[in-house]
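For reference, the structures are reproduced in the following blocks.
The two complexes that follow have chain A in common; it is paired with chain B in the first and with chain C in the second.
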Partner chain A sequence: MTIKRRTLVKALATGGGLLGLCALVPQWAMAAWMREAFAAGETNAAIKALYGGDLPVESAEVMLDAPDIAENGAVVPLTISTTLPNVETVSVFIAENPSPLAAQFIIPEGTLAEVSTRVRMGQTTHVTAVIQSDGKLYSATKEVKVTIGGCGG
Partner chain B sequence: MSMTRREFAKMLGIAGMAGVLPLKTGAASREASDLYEVPRFGNVRLLHMTDCHAQLLPIYFREPSVNLGVAQAAGRVPHLVGDRLLQHFGIQPGSLEAHAFTHLDYADAALQYGKVGGFAHLKTLVERLREEFGRENTLLLDGGDSWQGSGTAYKSRGMDMVEASNLLGVDIMTGHWEFTYHQAEILSNIKAFNGEFLAQNVFITEEAMFSSDVEYLYDDFSGRVFKPYTIRELGGVRVAVIGQAFPRTRITNPARFIPDWTFDIYDDRLQMLVEQLRAKEKVDLVVLLSHNGMDVDLAMARRVSGIDLILGGHTHDAVPAPTLVKNSGGQTLVFNAGSHGKFLGALDLDIRNGRLEGYRYSLLPVFSKLIPADAGMQALIHEKRAPHLDWLNEELAIAGDLMFRRGNFNGTFDQVICDALRAVGDAQIALSPGFRWGSTVLKGQMITMERVLDQTCLTYPETYVRDMKGSELKLILEDVADNLFHPDPYLQSGGDMVRVGGFNYVCEPGQRIGSRISEMTLDNGDRIDANKTYKVAGWATVREPSAGPAAWDVVAEYLRDRKEVHVSKLNTPVLKGVRGNPGLSEYPNNVTG
Partner chain C sequence: MGIIRVKARAMNGKTEVKMLIKHIMETGRRRDTSGNIIPAEFLSELVVRHAGKLVFAANLGPSVSKNPFFSFSFAGGAVGDTLELSWKENTGKFGIETAEIT
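Now for the complex of A and B:
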């Protein structure tokens, strides 16, 4: 490797990534549908509010990489990728959070659909990744354990 | 015990152990002229130790009488204790091995056979096993938890153990409690270590990639902090050893000491390494030196293929013979080598034609009376202890009962710690972590400060006294119980159940989280009210450090006030749904259903 990974990561960061766009959207620009999606208290309701229509189909082509046990529930790393074609959006739902919708990523045409983010979870919960591909919804779900910690031998 | 102490001493003085103590370890049944004669077999000899917890001198260590397996693990190795363990491995009751591997008749047998472990004795044994085989064809592997657990390790931030490990000749190790010093100290300890420190599952966090100086990284591109594997040529073959550090280190121990590193189980990355070693490096044998704990090792052996041997630790299981696990790529042998320097695994391998053709295994108990001390190691130990002798040797109180820790629930020494926390902190309830390390003190023996340190000496020993709601107590107990009894080993975190003082409960290990703990009452019989507040004392918090004095000072203060210390009430829970479980023997409370 001629370029160090660290240098590469730093370059990406300063160059500006596509990560966490939703979180950066100013309040005034947040459309009503989005407010509704964030306000939904339950994963399926949030998915419906965000996408409308049918619920996603579970798919092995949606890869959700999350730890079995979170090292720190306040910043749990997730990576979502897929082999599905023509991905338009990637979204993440944390079932037990007061507001399950954690993020939605808009994937521009021709972009590799692989996103990494950090999410907060207060307790053991299911995490669902939804991918919108060719207008259809696909998902993968995994339970992540959150523990108080300590007492290890 | 059929032998008197006098007879035993006489026997030691003469011909050794000829014919008296046949070692039956499943894989290798043999007649030895003495306990430590391991007949040569094959072309490679691996010596395996793990979890010595910095015990440089011989100690007493009682194996557990409660080591429950749940779900798939119920009644299976390593969740066998007492007679059930003897039956399973074909060990003769009343023999030296029966004493080494079980708690049976512990007090009398311990007096008879004496202390175990000690680096000077271990050194002599290691040298003998290397010389007899041809040392160039041997490796000494240490599964970790070696650089923490004693007063001198604490004072030297692990460095005394690095020096002792170097003199012992440890070739390769991985870690867990090694990570309870600060990052920079850990790196300098590893630098001073003459062997190789391996961990394929410790990575730099992405945050640290941005902000910290990470020049020390083993591999900048993968983000691995430590070297993942090593390849050694010995016995005419190529042996790969991969390191697997304890994957839950940042959860069960303070993450604040190691802010830039992240740990986990990465089956896919491990599988890739194994395949790479097989295909590109053309190794003849793949060994995983693991600190997963045995249940996780067994699960990993089913999920990851291509590993010949998993040499495991963490759960302190002294398992006389390996467990064979079938997987998609063939099979894996899973070992676990006990703790506290009490055992040394001797694994002879016949590796030919690029594969493991056969093996012989003995998990040798290290009885200090049976092995002369190595003078060089003895001198190093004396040197390391000398500045601290006044501290270590302070006599605190006589043990009025057998004092031990190991087991799923309160040991007697834990009860003393809980009693001390309550008395000194004027608290209703005490909580103490379910560590698996800590020596045993026989009834009538003096408890010195060193024995208290054996139970408490970690780098976050601060105590607390605070108000806690009944609901919070329940939450803590449920959380810890789930880390011990979750049916999926990958969702366990190691350690035993949190020890409690001043209150009682019912535990049903086979339930799910939220339903294992019930009927919580104070010692006076009052029910714990979810909404009421209680004064609780404890120690070893993993988040922010607490404000109180170190746990060992609290326990010492309590003991100094007493000539002799007794356990008047053991707050071990009533158990539900585990009657007849082979991981339970002579339980000191009710077992219902």
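Now for the complex of A and C:
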């Protein structure tokens, strides 16, 4: 009985304490927030900083759904999807923005390779979506005309 | 009070999750009326878990619109299940919220 009680006290002191800590501090994604990639001033530099190595290959299997004309550059809706297998990440770059990398999405197994979001565009420019599939990079690029830029105000 | 409004619907063996986050997404490039730079304050990370398993994560920059919106779908999930959503700012500020699948 004494031993059991002691074990319990010990478990509470170590494991229990850890458990409490885990509940308070969120566990972040396996891919860390990459400062150099978000700081890069140009799309290709941002892609290299984010993924290292080669640039993506243009692929018709990467679908980038974006408006032809965005009246309000502050809120431009985008949907990126693909039929490529084993997608690990999806990322979005806005060429003429001060920092082109807008977002990198991590797609765990079991999550569909289709993500929607809204981005800011300072001016008419190209939007590039990059898909990491089976360790390789594929992309699609589309020009979006912006009537009123979304970075001022 | 949380900052994330979640609509998570389970149907046909998968769950569709839509998130609207109340956040200024301050870029760090704007100036106030006195000409001083307004410091950057944006959401940098977002993580969604279902039953302890990672189902979605995002690393974000200030090119994401104010009051960010995200949607994604994952296999599984049932009505009544809980999603755990963690967010973090570039400033280090963070929060954990939960939402129920309906």
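Note that in this section the second predicted complex is superposed on the first by the 114 of 153 C-alpha atoms of A that agree within 3 Å, B and C clash if a C-alpha of one lies under 4 Å from a C-alpha of the other, contacts with A are read in each partner's own complex, and residues count from 1 in each chain.
Here is the rule we use: a residue touches a chain if its C-beta (ideal position, glycine included) is under 8 Å from a C-beta of that chain, and two chains touch if they have at least 3 such contacts.
Quick caveat, the model's predicted, so the values are computed rather than measured.
In the superposition on chain A, A:K145 contacts chain B only, with no contact to chain C.
When the two structures are aligned on the shared chain, A:E114 is found in touch with chain C, with no touch to chain B. Residue contacts after overlaying the shared chain place A:I94 against chain C, while chain B stays out of touching range. In the superposition on chain A, contact of A:A103 is made with chain C only, not with chain B.
Contact with neither chain B nor chain C is seen for A:L55 once the two complexes are overlaid on the shared chain.
With both complexes placed on chain A, chain A has more residues touched by C than by the other of chain B and chain C.
By the document's definition of touching, of the two partners only chain C reaches A:F38; chain B does not. On chain A, the surface patch touched by chain B in one complex and by chain C in the other comprises residues 77, 150-153. Contact residues on chain A toward chain C in their complex (touch as defined above): 26-34, 38, 74-77, 94, 97-108, 110-112, 114-120, 150-153.
For chain A in complex with chain B, the touching residues are 1, 4-6, 9-10, 13, 67-69, 71-72, 77, 124, 145, 147-153. If you check the complex, the residues on chain C that touch chain A are 14, 27, 29-30, 44-45, 47, 53-66, 68-76, 86-88, 94-96.
Across the complex, chain A is touched by residues 206, 209-210, 214, 220-223, 248, 250-253, 255, 262-265, 314, 316, 433-437, 475-476, 479-480, 482-483, 490-491, 493-496, 498, 513, 540-543 of chain B.
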